[in-house]
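First chain written, first letter: the chains are A, B and C, and each begins at residue 1.
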């Protein structure tokens, strides 16, 4: 009956069924966090952050502390043994002597996978370069599901830099596994989703999608709007940037075009792509998303450690 | 009956009555710290230090741990999301999902106030630029009160850089609220207290004070001597520095001029403004002050979290 | 009956008897760590790392957490008050108000000793420059003893940079106190043990030893092989380096020359001086050594805090 995974490296490591089970647990935790406050007593989480990511690191730490466990680790490479030339494989074997589970953030793609190969403890990929960031994806899924009741029958707008946006690619890959999900891809031409996403993921799976350049044009049809940042330096030239920059800034005016139950998500941090005036709109769900991130990580830690919560 | 504040941004946020209540609680804690060791079980303190301040950060951490709570956070801006351009307002909303209370240190004046405006958890200003450092002031007040029995009827010497010294200004502002406190302001001419302190605080409130240049001249009349550092680069010229530098160095010889119950305080770290030979003098209270800092922060955390300690 | 030391600055601070007692406790902990999981409830360890050393720091933190205690501290000097010019003596007096015991790593030899002189809490030297690193030595001793049953009657090969290798010198100094320990010193000529080790330690104590240049020549006679790194820049010239570099790289082929019960130790991190193919050899004990490091530190913390574990 138990989930038989040992590590979480890629959101797709989890089947739809395993994902559902994890999100169910996260929902139970959200409903009554105190009930889980002793589940990890005596357990230790190592946070191995080879590059800083305060939000993600603190979310993991809050999750483990909420479960009654403890945390140790490092928050940037220059305060780690990496600077002495140690391999990730050796580091994880050392950390296996110190902790019961670890979350690894690394600028190099695949580093957590290499670590998992040598680890005696579960490894959670907390972001590896432009590659994967599975706990962000699980957070997004939990948030969408809790707002709408399910992950199917959904028109989701993905807005901003869809070319380099790791979270967007993972979210597409995860959502196509559910029924009747339609994607509206909103971006400048030069920042459209990569060919392999369009051809190998969307087309190959006969998923309904369209690509547009302007957020305003599609607002009324969206159930979820997932905003991401568009960096100025990504544009081909300054003229293009000036012409289009407002297309990708969500403000109160654009929100008026949306359905009354169209929720806005964002992986954060934001810069100016969502105007602060939107924060007070009840449809703004990005801070709720942050809170869900803690619950999802609690559920994940419990699951990977094989802790039975059925008779709490 | 409870104190109805939510944040502590400025020492003057607390009325005299609230301050007294907080110091009473700090005294109770000092008398029997173990009694309070489970008051914050399951609670989390976030230490958001946008600039390093080890002493202050560790004092907060020790305080929370002493109460049975946990700590998470960051100790410098470059390991935080600030480097990704996130606003303090967004950061605090994220942190509100991770912790129950936070202590924020920031190089920019007013940052903790901005944070408090958007926070769902109590924010403690742990120092904002040259502006405020209220827990240092509360520590000073607790130390003076515990050494002398009360905060009134006191002649206090403030020595060193009185122009830029944030702790000195806060202490003056807090102490004028008590009866019969006389200030002896000991500094080079160019480092006297700013006009607004002299005119708007001391003169306007008819507080007795005098300004002198030489510590030796006033030692016998002091009940408390609050030392601070004078940085060489603050002097107008090298000649001035050489002429005066010894005026502001407290040594065993100068201590002989003082009353037998004149206590010496210092916010630390010191460089050479108190000679180490003074450390063994029973009147040296600066390390006691450090210990009190932990108790005051314990009391503050309990108060801001609204934890009832009346029936422990 | 109790061990009457207050600090651990040098491995030789512990008599042979005290070392035995400590290692016995470490063995008991290794046999059943959970039994000790509440011994330090309410106690705090300060990790004062004036230079980064993730492995050592996390080993101490894991040790304290395993005992039910808490940890606070800093992991590099630039996030500490040291950058404000505070002396180690003042810092330790401040830390004495925050924690019950501390582990100090410092780039300057003797800094932990200076701290111990002013400390109100036990100070553990977690490495001071090229000087001492007593908890590494205790880890080495525990590992050798647990693998072989005792610390006497042993032929130990020390291989690599024996001139600058702090851990090697400490290990020699500790092992000569046991009966019938023979040393085989394997290094390039320019990286042999310093004269004072050869003359004042080995010769003066009539300890049997030999110095050789090639690991292969002595493999069959060793009971323990303690590997360390040889840095390329330590060689006199590039030709020498090219001629000899393989002499000091342990691989599966060289392991075939060794006894079936010859164990390999290494203080880690390694770079390439032990080929990864050796990791799967049951005689590879360097990751076991890491685990023992946690147990030794748990035993040390208990001992220095004077916590009675006799009736657990």
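Keep this in mind: a contact is a pair of C-beta atoms (placed from the backbone, for glycine too) under 8 Å apart; a residue touches a chain by one contact, two chains touch by 3 or more.
Predicted, not measured: the structure shown is a model, and the values here were computed from it.
Where chain A touches chain C, the two copies mostly use different residue numbers: shared numbers make up under half of all numbers in play.
Seen as a C-alpha superposition, chain B sits on chain C after a turn of 120°, to the nearest 5. A straight line joining the Cα centres of chain A and chain C is 41 Å long. Among the residues of chain C, none is found touching two or more other chains.
Those residues of chain B lying in contact with chain C across their complex are 34, 37, 52-55, 58-59, 61-62, 65, 71, 75-76, 268-271, 276, 287, 290-291, 293-294.
Residues of chain B touching chain A in their complex: 42, 44, 46, 70, 72-74, 78-81, 83-86, 89-90, 93-99.
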